[in-house]
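In what comes next, chain A is part of two complexes: it sits with chain B in the first one and with chain C in the second one.
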Partner chain A sequence: MTARNAAIRAAGWGGATGLLALPMGGMAVALWTACSAASWCVLASVLGAVPSPKRMLASAVPEHWRLTGSRIVGSRRAGTFAWFAAAIGACVLPALLGRAETNLAADVLLYIILALGLNVTVGEAGLFDLGYVAFYAVGAYAYAILSREGDAIVAWLGCASPSAEGMLTALRAQGIGFWAALPVAGLVAAAVAALVGLPVLRLRGDYLAIAMLGFQQIVQRFLENEGALTGGPSGIDAPRPAFGSFTFRTRSDHYYLRLAVVAILILLLRRILSSRIGRAWRAIRDDELAARSMGIDVRRARMLAFMIGAFCAGVAGVLFAAKQNRITPSSFGWQESIIVLSMVILGGRRSLAGVILGAALLTVLPEALREVLRGALREGFEDYRMLIYGALLVCMMALRPQGLAGRREACG
Partner chain B sequence: MIAPAHPLLSVERLSVAFGGLQAVSNVSLEVPSGAIISLIGPNGAGKTTLFNCVTGFVAASSGRVCWEGTPVGGLRPERAASLGMARTFQNLRLFGSMTCAQNVRIGTHRLENEGLLGAVLGGLAWRGRRERMERIVLEAMAFVGLEGEADRPATSLPYGLQRRLEIARALASAPRLLLLDEPAAGMNPSEKRDLAGLVRRIRDRGVTVLLIEHDMPVVMDLSERIYVLDHGELICEGAPAAVRSDPRVVEAYLGKA
Partner chain C sequence: MADFLQQTVNGLSLGCVYALLALGYTMVYGILQLINFAHGEVYMVGAYAGILAAGWLVATGSSGLLLLSCVFLFAMAYAAVVGLAVERIAYRPLRDAPRLCLLISAMGVSFFLQNAVMLTQGKGDKVFPQEAYPAFLDGVIPVAGATIGVKQVLLVSSSLLLMAFLRVLVLHTRTGRAMRAVAQDRVAAALVGVRIDRVVSMTFAIGSALAGAAGVIVSLEYRQVGTTLGFTAGLKAFTAAVLGGIGSIPGAVLGGGLLGLTETYTARYGASEYKDAVAFVLLIAVLLLRPTGILGHSQAGRA
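Right after this comes the complex of A and B.
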């Protein structure tokens, strides 16, 4: 596929999203949809439609750089600019939105983090994970517990060891703090994934899905019943993040905090996907036996994808807890896993832009439908919005089974 | 020159059984370093099973495989690759979603040790290594005669060239032993001649070759030593001339008079 084709397709989607948004009466919600989806598409189309830079680049780079093709050189440059444009669009967005819409936009960003992580597990490594939300819960609770409940940890562990006691006393006095908790909770989630993965990743396909569903249930029951540590069904408090004397309070504060995490995550994921690890995932998808004969350790590559996914979920959990202030086990039901999975599948597996689009669409659509349908045919018609939402999902999957921006795995 | 004490690969009284079927029984063979050794036999003789066992794809039911005189037990494909074995497949196994160069790039997987941290941090060392790896890729492609095809989708190549691409992918992993499973299958006589030349050039690069082949002229021309399998058993071994005239081999191929 040439850069021009990609650009035309991208422009098509940008245009379509914009058209969809227009009849909504210039609402801020529609604006958000259009901005998030179209800004990167439009720029890609502008850059991709001009053939000369691509050719110039192709002749300027040394021979061995052109291994992966001038095609990639061209479209990757256009892609970088598109990401850049999307970043600018996302930065100015809260200025254009009202309070409720900013809140929704912050939710979108949270789901983007979750979906980006699950895309690694499901899309890259082909691990059908239906218990993904368990890692989200682990991250959220890790933040809450490490921030506040040093006493509770001591009591729960029943540990009398002086060194652990001393460590936890320091923790109790200070709390781990939000900025340390962000990566630490991600690592805790990844460590939990490693422990679960050892037995569970021996399973494939539907068997793995059921096992992970079971794991999610275990985690949720644990959170409900281990009250001494987790606060039980009524939940646990999580502190607001602060930076020096600045505390993240408003919706747009949290929006920008999440936006920064999304940006870092996208940069990291793009690096990983174009590295030896990403190549190994792709080789395994294409032909597992051939990949193994080339020295790729399949079990290790899968485990890594599983842990990277869990890490993202753990980070998302911290951001969720930091905004909610109080988290309860009921936020981490299996339905959440299904929603995130839908975002990945509907947006398009293995395409970062597609996954982002899927997360934005599935989060915004129910709210947008409420506005659009209000008083549309008769009073209270917006109550039917979830019905229409479901019908839209069915239609989208029927029309584009590979997802909105999905790639069928073929080169050229 | 002093001959190395141990052959690069030796197979000792190896048996492989699938349920009640004895696919390979009690086969011993030796592949000295720097040689071209062939494994021939009628269809279903157990040649590919022996290959699969040596490269860790199937487990042996008895016997052992030694690498430079050291037994390697519980061999798995990725371990075989890390020892320095690379193989091609009887029914091509290219990575279908990738270009030719990307396919060969996977061959360099074992030459790198970049982990998650390296991938995330990147840096100058990373760029230098990438260039080095891509040079290996281009060199391997040129070696098999695929220069200029780097960006072409692998599966769009003609069949004969796909076989060469598989060889390039194996060579990119810098193997010490290359196992070729019927590389000449489906080729015309002139392609077969080219292939024989390629195999010889691979050996001249210092890569030992173990070859499964049906095509007698190719085998007789290339091999220093030939092992003949029939019904999973070794029926004959020796130099090409001796094997050609051995009555058991003639019988296995043509049937009893």
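Right after this comes the complex of A and C.
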């Protein structure tokens, strides 16, 4: 019942986004929003948040007409079909969109990666990580620094310990390249998370949130002040990724690159969430004491969630830097953490489809508002945008605190 | 030595601002176990309200101490109203909702207030009107080689006055008793007839009024304020509250003073570019080593 409601609401929200998006880019975007709303619903059904079309169909068919009694097999087949539909929909998308819309779609994908990662930390493990954007920054800077000629790293490390210089001679010649940096930067972010998490994860609730907010501030100050390594406030260049002789230049190149990462990430996360550790998170969430007495290592499970979240943020950071070409500390302000967190909350924690929906909605919404307001106001629309965004967050929490696709009992 | 004394005076006057803000955090936390993330923005709104009031009052021809008191009163009243509205709109509907929802709601309020001020008052910094600024504030009192500004004395003493007033209010009035009752046990307080909503509103109003006063103090100190004033200051004031022991009123004052001193000493004798980071390192260290803070009780725990 609630699941069906969620499906109807998801469709409704998709339609609402479509309406908001109408003035911004004409038919193309409306079409895109409609497509994506449809694919979200399909995706939602795959991920089990709402009944699959097949299951809905099955319930309309009399009992004795059904060929198999196994709902699981049925929904799995429908799932595979829906996956293909969503994948194809996403693949043809840039062909339907203009330049600006493709850019926006690429941003949506980036935020989907960030939100999926934060969902593991916040939704699955219940850790209020308000410094999430710090790991995003770590990933982006790791890519930029590792891709740069090794001299700067050696010089910076040289101040700390001259012996490190020998180890890094290999790096001197050239950076490690995009494809190696993608996982490495993710791992660097995860390693930083492990270091921070070791002390900080002993805190709970709001206190963890505040401590992480503090950590984010420290990272930002570090990026601003350690100019020799990070380029200081004016930022650092990051190279474009290349595959053989092909360089990722255009917006749609980056769109597909990100789409591939999103696809891999969704596959991975689905596996993780239904694995032993995923079940451990669920058990801890339901009853920590019971989980502990069943032999679940709560600290380890929380740490893993924290690190997996950070890994996703690190990977997102590399993708951001690769498209941006130049990254500055100001891109990694605390507001970004809040925006990603509100995507997770708005969409509905612990539902991959919900999180994806939230990320898409909150990325498209400010742009849609921009277009709407540009018509209504001559200047200052940029500020009204964030004003409305803030008001929307408050209304959303008052009206539907469990998120669009979340279940009420999941609001813990 | 003279320099050290000078830094100490500077640190204490900065600490007063943190202490006034920390009081707001600690009171709300004591009553609702809620970190009011929008508190920093209320402080920023208070600073703007004070500057606007100063502008109007100069136009009416008043000046000196009378003007300053009026500015303080107006900013405090304005901030109190904003605080009440924030509580009513963003927090009350969510009182029994999960903490994360309150957090998001508070962040929404934060975005809203920041941008609302930016829209109405312009993006640039707002300068405290020169004509409204009493000249006697720039006077100095030489003490053992250091110079203590009249302004610093006035600001520190007005902060202390407000804190003393708060102490009397909380310990010796009926409202204060109701507040303490709600802080101890909300359900039991409701059972014996304490009107919870009124007490919560009262707490927000008082905390926000103190934040408004802190806003005026900062605008007098730096002569100009920006819309981004609230966030960092709010975070640091929260640090001060945690440092002293969240939920404890003397703790907030102590924590504010300590933080102000630490920050000033770091800026002077340590790495000035990491001045802001020190507060957060301190925050994380306190949370880990003594989460109840210096004067906190164990039930204030780690939530």
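Brief remarks follow.
Everything below uses one rule, namely that the second predicted complex is superposed on the first by the 303 of 412 C-alpha atoms of A that agree within 3 Å, B and C clash if a C-alpha of one lies under 4 Å from a C-alpha of the other, contacts with A are read in each partner's own complex, and residues count from 1 in each chain.
In this section, a residue touches a chain if its C-beta (ideal position, glycine included) is under 8 Å from a C-beta of that chain, and two chains touch if they have at least 3 such contacts.
Note that the structure is predicted; figures quoted are calculated from it, not measured.
Judged by the touch definition given at the top, the superposed model places A:Tyr207 against chain C, while chain B stays out of reach.
Of the two partner chains placed by the overlay, neither chain B nor chain C lies in contact with A:Ala242. Using the contact criterion defined above for the overlaid structures, shared-chain residue A:Ser293 touches chain B, although it does not reach chain C.
In the superposition on chain A, contact of A:Gln217 is made with chain C only, not with chain B. Touch criterion met: A:Leu393 reaches chain C, while chain B stays clear of it. In the overlay built on the shared chain, the residue A:Arg282 is in contact with chain B alone; chain C does not reach it.
When the two structures are aligned on the shared chain, A:Ile272 is found in touch with chain B, with no touch to chain C. Across the superposed pair, chain B and chain C both touch chain A at residues 411-412.
Chain A contributes residues 122, 128, 130, 199-200, 202-207, 209-211, 213-215, 217-218, 221-222, 224-225, 334-335, 338, 341-342, 345, 380, 383-384, 386-387, 389-394, 396-398, 401, 411-412 to its touches with chain C in the complex.
Every residue of chain C that touches chain A in the complex is listed here, in rising order: 35, 89-90, 93-94, 97-105, 107-116, 118-119, 123, 231-232, 235, 238-239, 242, 273-274, 276-277, 279-281, 283-284, 287-288, 291, 302-303. Considering their complex, residues 63-71, 268, 271-272, 275-280, 282-283, 285-287, 289-298, 304, 308, 409-412 of chain A touch chain B. Listed in rising order, the residues of chain B touching chain A in the complex are 55, 57, 76-78, 80-82, 86-87, 89, 93-99, 101-102, 105-107, 109-110, 112, 114-116, 118-120, 122, 131, 134-135, 137-138, 150-154, 156, 169, 173.
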